[in-house]
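Letters A, B, C and D mark the chains in the order given here, with residues in each chain numbered from 1 onward.
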């Protein structure tokens, strides 16, 4: 049973070690790095297949690692984006302006970043999950200022400070949860295992577990970019190298949300859904509101995408609180958002390399200058706007349907209004980049052509999720609803 | 005489009477202004002359310029088949009602305006613009006046309205009818280009609306248009006469009744022509942008007519 | 029937594929056009099957979009009318498009136009067939998105991009309302329309009103009702002409279809204020639409505003229908709805024709500004004649179909005057007045549109050298012009069909009272009879007789061509002609209270004497009420909120940490407070 | 060791730790802050050892030793090096003057008491009485991070926050499982090292470690 776990967790470590040892410029190093990036993706798919066959593979002392449907889905997302980063990250494109040492530093810490996220997602032990998420902050913070500038240093300092403080509060919550369990059952080695907590959830004391959940929500909410703890996100994502911001926006927010879902299951089992729903709806609506309104006046496209991430995370958080169908929609939205947002950040990386300026006003005529990148950028925009044929239309529709079914009519009205505001602003900003005449002095033509191929795969996946969600994914999502949806 | 023959008879009677009516109105107006005036049958002479004269067409004009007179003349003659000129059981009553009459006249105005624009002279443009403005503003009044009449008579078909007023004489003096009569009288002045709205007698650029559109025409086309204008005046007078005061209209299709109908029709036309002549001698021409006030006054009259008709 | 459905989907799909694959030459243009025509004819056959022979058709595809209950299609009489209408406009437009899109040969835009046109036609044809919430909304969004891309074909002009943004933003607002309406109606239950009908009766009156209000906003914004019409005069002129013909002809009708489907079919009618509100909105849209159209001198935005006007007329009919249905007057309601449906079909045909004509003019002269056209009738005789047919039809003048549906509208308002409650009577009288005024102004507007564009002296070199449109463009227009005549002459056959469509909606027994007797149309209770066939025949006969009489009796002297009379000046120049702005000037002055025109005249005199003028430039603009007083304040307020929210991101790390801790303290406080109880 | 004595000792230890925290609010110089932090870490290690001795659990002894080694000695040495490096900068006036800081500190401790009331009532362990003080330290350290302008002081605030949580774990549940304990130590150490690197970077690019100047990224 240990083989899938090893093939999942080891390759990133090996990649990190390889990047340290091998000189980054050589093609062989790049190829090895890419190969090591793909292996965990296959492992994750293997694990998902196992889960679908009814297994819940566990591994390690006091079954430290356990993969159920939720973990399998998140592992799949993490490995997919990690593979993309390995393929398209710094050190590959011809228009590269990173020095070899920067490339090496990026590859080492990006692999570690992927490793920590994988551990966080597969850990059964809630304490280990916290440690892994704290480690993700540290690993990613190192490579936010890849090119040292006043802005990137400032962004990285705020990222590490707010991130660490937030995570510390999450640890307070974890300790309180453990404290509540210990006072009832006594100290056990496996006490912090999620399965054990779930089994004994009914026995926990309501006031203590509620207090713990408040800390958990504030802590992991900071990492998930929920308002009002979202302030680090626009700075970090706009200053970090695009590959890293793709990873952060795409999956790091999802991993933090995963942690909240895990604890929410425990709290719901102990106290019933009303308490956690009210908190999640509050924070979700606040994030949606702040993000949607912030989108109206934006000057830089990477910050625009960052705020859009806050908006979608707020939407997912809201979805979690709308009953089983809501959880289903939120998880589907999570996958869609991961695909769309990582694609958009990789594309913005290419645009930044070509146009040289992060300002929206300085980028125009994208469809004419880089037809493939422009086309995919437009497709990504339409996906983020939630229009068919892309997946987000379906997940948004199901989410709003869950809301109306749960009788939250007025809440859904507010959500739809805010989504409309976000829709108009996102459309206006990105249209200004796509159309119009190309500025003088910008080289025409696609440049590193094959770099776009994996992104086309992303777009294709989004269309598939939009028209007919494949059966295995459906099955996985239904399993998740059983785990986290009650 | 079979009902289907009544149509062409009515049309020919209308065609014969129309120029005479215009001549009579001009003659009466001259007499009121202490002038000898041209004899009432002068228009017949004009038509005969125009049909014989040579046609001069502008080099800017297109085929529409030459087709418009026929469409205008045709649509006006078609209306005479629907209007209860002589007898009430109209053969084509099923084919068209009062709304069709109004819209056929609007079709005529539409093509006349286009013909006015075609030669590209500023007079034609001005005439067309003002004619369409007046026609557009007159539409709501006609609509409401029709419905005031129709509501009282239980149908918008003209034969039915005339028949109902004949059957119940008290209807004729109902307030709804009187208000509708006044409203349609004002619209007649506007539509047929009589004095307060447009001066039929002069060619002064500032005042003419109808004349400006036919300025470019000559020869047989001008004859057709003049004849159509006269016919339009006759139709409006017939509407005023035979719908509101239908006595004298033949109910059975015997030659005696028809002759009597022609006589009473001539009498009514004379009376209405005298009324118009009186109005024209006492009122000066309104400035174009005061015409909408006149038409809105008639709209209010029609509105009151409708409310009066369904309130009582 | 299923084969026809598959042929429809296959036709459009093959057209779309052809546009993508076959490069950017004539082959691609024709292949995609033929695909579209095949799809359209299949659609027409399908509709005819359902409408005329009453063959039922339904198809469930549970695996497609399985996650949310799968897609379901069902064709009933109401859907068949709109499918027929879409296909009737789609075939000629596609034929026309083949010739018209030569302008994009060799450019990627041709692929975009070809593909998106077929996608747009496919989604639009399937909308009336949708039988489930998700199917309907997905196709609805697909239709809006594909038409957005069609509007954005030549997106290098900034006003086209802003038009596209206005369009997609407004459509999205509408979609949000529709989403709310359908999901409120569904309230958690399964999504098929049959279930919705069942659920509708169980709904509380408050929810029903909310559902109807949301549906009215959603469908009203797609149809272009005032005040949700702002995107229409921006998007239609920006789109290629055959696309504007489709959007004006068929797409905005989907708004009408939606209202009928939700208002009458799903909700089964409602209180009187529903009908009253719709009637009022229709009357206002009609009048304001034509008033705005009068002031336009861009041919395509003039036609776009006329779409708003005609949608207003249709909505008057629909409002009257809803009102009568709620006042238990089924026959009057049926007549009103038949009038509305008939005008929907008529408008699709003649508006399509007019837009294709405008496209031909734009293609020939390269400009849309009427003040630079004139005298095109010489260079483009076919287009001029066909545009004239369209103008006569849209102005509601007798021989053509516009008159028939406007006559029906008039007659359908009449029973309302005798309605029990005085408020309804007053509303009907006012609607009647506004309807008549709109008809009059529409005639005036189209005298301006046709006269200034086609007649008199060309005002610019492009107008002078205008050449006739390609044969495929003319063929498209001829088909539509023929349809105008057939729809008028064949009215007595069409009205009974429409009555069968409308009867179930207002609860009339199936063998519904047909509103036609022999060749004439008859309103309920024999109130009024009119036979469009006889009127057209009679008019033709009389005109022919007059022509023959004149030919035989009048003099046979040859026609002499001379100079236009101009009080003795030397030469007739185009500057002496009336322009579009001048033509509409009296009406601008009469309706000044509404327009509030601002005119600025700048005269620069001859250098050496004040009495000689070198040039005068005259510019007048009217107040855009809705943009300035409804949309601008909303946008400004959202921007102000945005600035306030962005102040949160002040840049100081301490502030950020304070937010975090404040959130923690607040939640703890809330926990402690709720903990007490 | 009678339970009563243990609760006495644990409250005493917790008070010592909290007092060291409050020292940060009171004193202004960086060296004083580092000395306070070191004292706090030593007190924390002692308390952990005491509880470990009472519960007879060897893991707590190991934790106490680790605490002493890393937080008592290792980190203060690094901090001293940083202080010498940036010590020359003039002292910055914090957002809140000392009097109000102490007042707010007191209020936060009160809030901690209110918040941890349900915890104390639920637990049967003798060391439960010290828990409100641990939670108080958590809130005080949060306030330190917010109110102090120097990056170095913010790092110290973060380290104190970790101490507060460790104390809470020890008093509340006699320490958490050893794997997690080691992981937490590793995280804290790595986190500190990365923060240290960033402080050097800030100093390099901004010529001072005043976080006030980091306000370039707006909107």
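Throughout what follows, a contact is a pair of C-beta atoms (placed from the backbone, for glycine too) under 8 Å apart; a residue touches a chain by one contact, two chains touch by 3 or more.
The model shown is predicted, which means the values in this text are computed figures rather than measured ones.
In terms of the stated touch criterion, the partners common to chain B and chain D are C, listed by label. Among the remaining chains, B is positioned farthest from chain A, on the basis of C-alpha centroids. Distance between chain B and chain C, defined via averaged C-alpha coordinates, is recorded as 36 Å.
In whole angstrom, the spacing between the mean C-alpha positions of chain A and chain D is 31.
Centroids of chain A and chain B (each the mean of its C-alpha atoms) stand 79 Å apart.
For this pair, chain A with chain C, the centres built from the Cα atoms lie 44 Å apart.
Counting only residues that touch two or more partner chains, chain C has 646, 649, 653, 657, 664, 668, 671, 675. Listed for chain A are residues 157-158, 161, 165, 207, 211, 234, 294, 297, each touching two or more other chains. The full set of touching chain pairs reads A-C, A-D, B-C, C-D.
Of all the residues in chain C, the ones that touch chain B in their complex are 374-375, 377-378, 384, 388, 392, 395-399, 403, 406-407, 410-411, 414, 417-418, 425, 429, 432-437, 439-441, 443-444, 447-448, 450-452, 454-457, 517-518, 520, 526-531, 534-535, 538-539, 542-543, 545-547, 550, 553-555, 557, 559-566, 572, 574, 576-578, 582-587, 589-590.
On the side of chain D, the complex with chain A involves touching residues 115, 118-119, 122-125, 135, 138, 142, 145, 151, 154, 158, 161-162, 165, 168-169, 172-174, 176-177, 179-180, 183-184, 186-187, 190-191, 194-195, 197-198, 201-202, 205-206, 211, 214-217, 219. Looking at the complex, you find that chain C touches chain A at residues 63-68, 108, 134, 137-138, 141-142, 145, 152, 155-156, 158, 161, 164-165, 168-169, 172-173, 176, 179-180, 183-184, 186-188, 638-639, 641-643, 645-646, 648-649, 653, 655-657, 659-660, 662-664, 667-668, 671, 675. Interface of chain D with chain C (complex): residues 95, 111, 114-115, 118, 142-143, 145-147, 149, 211-212, 214-219. Against chain C, the residues of chain B that register as touching in their complex are 51-64, 70-71, 73-75, 77-78, 81, 92-97, 99-100, 103-104, 106-107, 109-110, 113-114, 117-122, 124-126, 128-130, 132-133, 135-140, 142-144, 147, 150-151, 154-157, 215-216, 219-220, 223-224, 288-289, 292, 299, 303, 306-307, 310.
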